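As written, the chains take the letters A, B, C and D, and residue 1 is the first residue of each chain.
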Amino acid sequence: MKIRILVTGGTFDKEYDELSGRLYFKDTHVPEMLARGRCRLDLTMETVMMIDSMELDDGGRAAIVQRSAAAMETAIVVTHGTDTMVETASALAAANLSAKTIVLTGAMVPYAFGSSDGLFNLGSALSFVQVLPPGVYVAMNGQHFHWDRVRKNRATGVFETL
Amino acid sequence: MKIRILVTGGTFDKEYDELSGRLYFKDTHVPEMLARGRCRLDLTMETVMMIDSMELDDGGRAAIVQRSAAAMETAIVVTHGTDTMVETASALAAANLSAKTIVLTGAMVPYAFGSSDGLFNLGSALSFVQVLPPGVYVAMNGQHFHWDRVRKNRATGVFETL
Amino acid sequence: MKIRILVTGGTFDKEYDELSGRLYFKDTHVPEMLARGRCRLDLTMETVMMIDSMELDDGGRAAIVQRSAAAMETAIVVTHGTDTMVETASALAAANLSAKTIVLTGAMVPYAFGSSDGLFNLGSALSFVQVLPPGVYVAMNGQHFHWDRVRKNRATGVFETL
Amino acid sequence: MKIRILVTGGTFDKEYDELSGRLYFKDTHVPEMLARGRCRLDLTMETVMMIDSMELDDGGRAAIVQRSAAAMETAIVVTHGTDTMVETASALAAANLSAKTIVLTGAMVPYAFGSSDGLFNLGSALSFVQVLPPGVYVAMNGQHFHWDRVRKNRATGVFETL
């Protein structure tokens, strides 16, 4: 089974800029994470953008849909900021890419920081995408949610079933 | 869905004893790993044993089968040393626990060391166990394998389809 | 020899707030760092404030001077943001605490992030404070500098001799 | 001031071999540690050997003495296993390299593991070597000890004054 990973940035990939003291994006950590997970899946990774999902607008969202539609693979994992992950899932569902299983995932803490959930979530998303039927899903907190039955609880940082 | 995690030790849970300079087992790291993954599954964890899977004998293997049979849950993740993971999977399959989905996982590097694959593998196993049909599986390297179609390649440390 | 550590915050102690996505201060990491360094010095730690050194004003600087003057110990390490570390060193020198050896240190990357220089710098500052003659010093980049012969190069993030 | 670092192995530099499950030596981590500490000292590093200090014999010890004597630098840090660090310090003192300040340091936990004291100790040793008078010292636990007034307490793993 071939899988495509579409990288869009998000907390997952944030780094600390030691000169400015701010968080920013440089390169994605996904290849390093896959190496650490000794992942042996047949994967192609594509960086669509590197942004904070709070700054993702309709144009950016359309680009993610477009790259998902153009992908040859029927299994797609999208790494994404958690704040608007559900909105992008909704846009992907609206595109009606009916033969594809698309799983969005992200992280609450950047991978570059010791305590990140990113590696757990990436292992989870890559597993769900291999076995779930076509559709659009969010994989966070060890769980998977249908795109239209999930929200991020901003007070707790946890994804919940609607 | 309720999931049971049966802990048996393995590289996953090894620690460095700074007085003797040797690797040993103390407590399992699974709760810490679940916290780091912000896991919100309905889980019960049970430590069956804490040993190197090279030292696991028929009696130990019978104990793992017995705890799997006794579990109320139909979804079970077994953390296990990689060296004899396939043998234990085979023993679980022979027990014919037909309503249950059992996924074995482990790590090539202890979780306590910076470069461990354990968190990735735990995220993967917990995801597979929720969606795979009843049966016994090994989840390693981002993949899942039927118990009777997998072996660990000891030269590379990678699990392969038979 | 008794040593006092005055904690003032700085990059050293910043953490990632996973709900807001911002860096902030909670508790100091100094005790955890001392434990990790298996430090057996006779130390007293005192948190004077927890702020970004860019926000440190004359009142705050006076508080650091006052706590240094009030300390019973003649060896004092001050953990401090790097941006205005030299200004605080200058204020401490102006106070003419002539019997005391005072060493300021900090970090370019928060201790909570994998790649922090904080542990190295703390080991360095605690060593210099034990052997340098009375005076006010900055310990960064493995070096020690007299308070009036150092500046932070903001383009490179490195402390340099004037 | 020019400093030479003589690398001899020890716990400091041990790594986990994921195929055999054993600890072993590959390359030294000292350059990576210096980079992480943003160290800007004028350093030359030389790997004398990469062994467990329990396996260090008279010939090995003579090699460390010989490299210390041959060094152009008057400030030398020796990274060394903790178990026989005091014996090597004694051999160095017997060689009567009277113009040199030699500081031995090591770690209780390998640098490659999350919880290592190595970075703290390296920062400490590099600082002591710049300011202590000629002689042979052990730098561990944030402290420095004269070579003939120290022992490792094997029950606690802590270096103590004799």
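We take it that a contact is a pair of C-beta atoms (placed from the backbone, for glycine too) under 8 Å apart; a residue touches a chain by one contact, two chains touch by 3 or more.
Model, not experiment: these values are computed from the prediction.
Hopping across touching chains, the smallest step count from subunit B to subunit C is 2. Chain centre most remote from that of subunit B: C (centre = mean of CA atoms).
Spacing of subunit C relative to subunit D, judged by their CA centroids, is 26 angstrom. Centroids built from CA atoms put subunit D at 45 Å from subunit A. The distance from the centre of subunit A to the centre of subunit C, with each centre set as the mean of the Cα atoms, comes to 39 Å. In subunit A, 108, 114-115, 157 are the positions where the chain touches two or more neighbouring chains simultaneously.
If each chain is drawn as a node and touching chains are joined, the picture is one closed loop, every chain linked to exactly two others.
Touching chain pairs in this entry, ordered by label, are A-B, A-C, B-D, C-D. On the side of subunit C, the complex with subunit A involves touching residues 11, 16, 18-19, 21, 23, 52, 108-110, 112-115, 154-155, 157. Within the complex formed with subunit B, the residues of subunit A that make contact are 33-34, 36-41, 108, 115-117, 119-128, 130-132, 139-144, 157-159.
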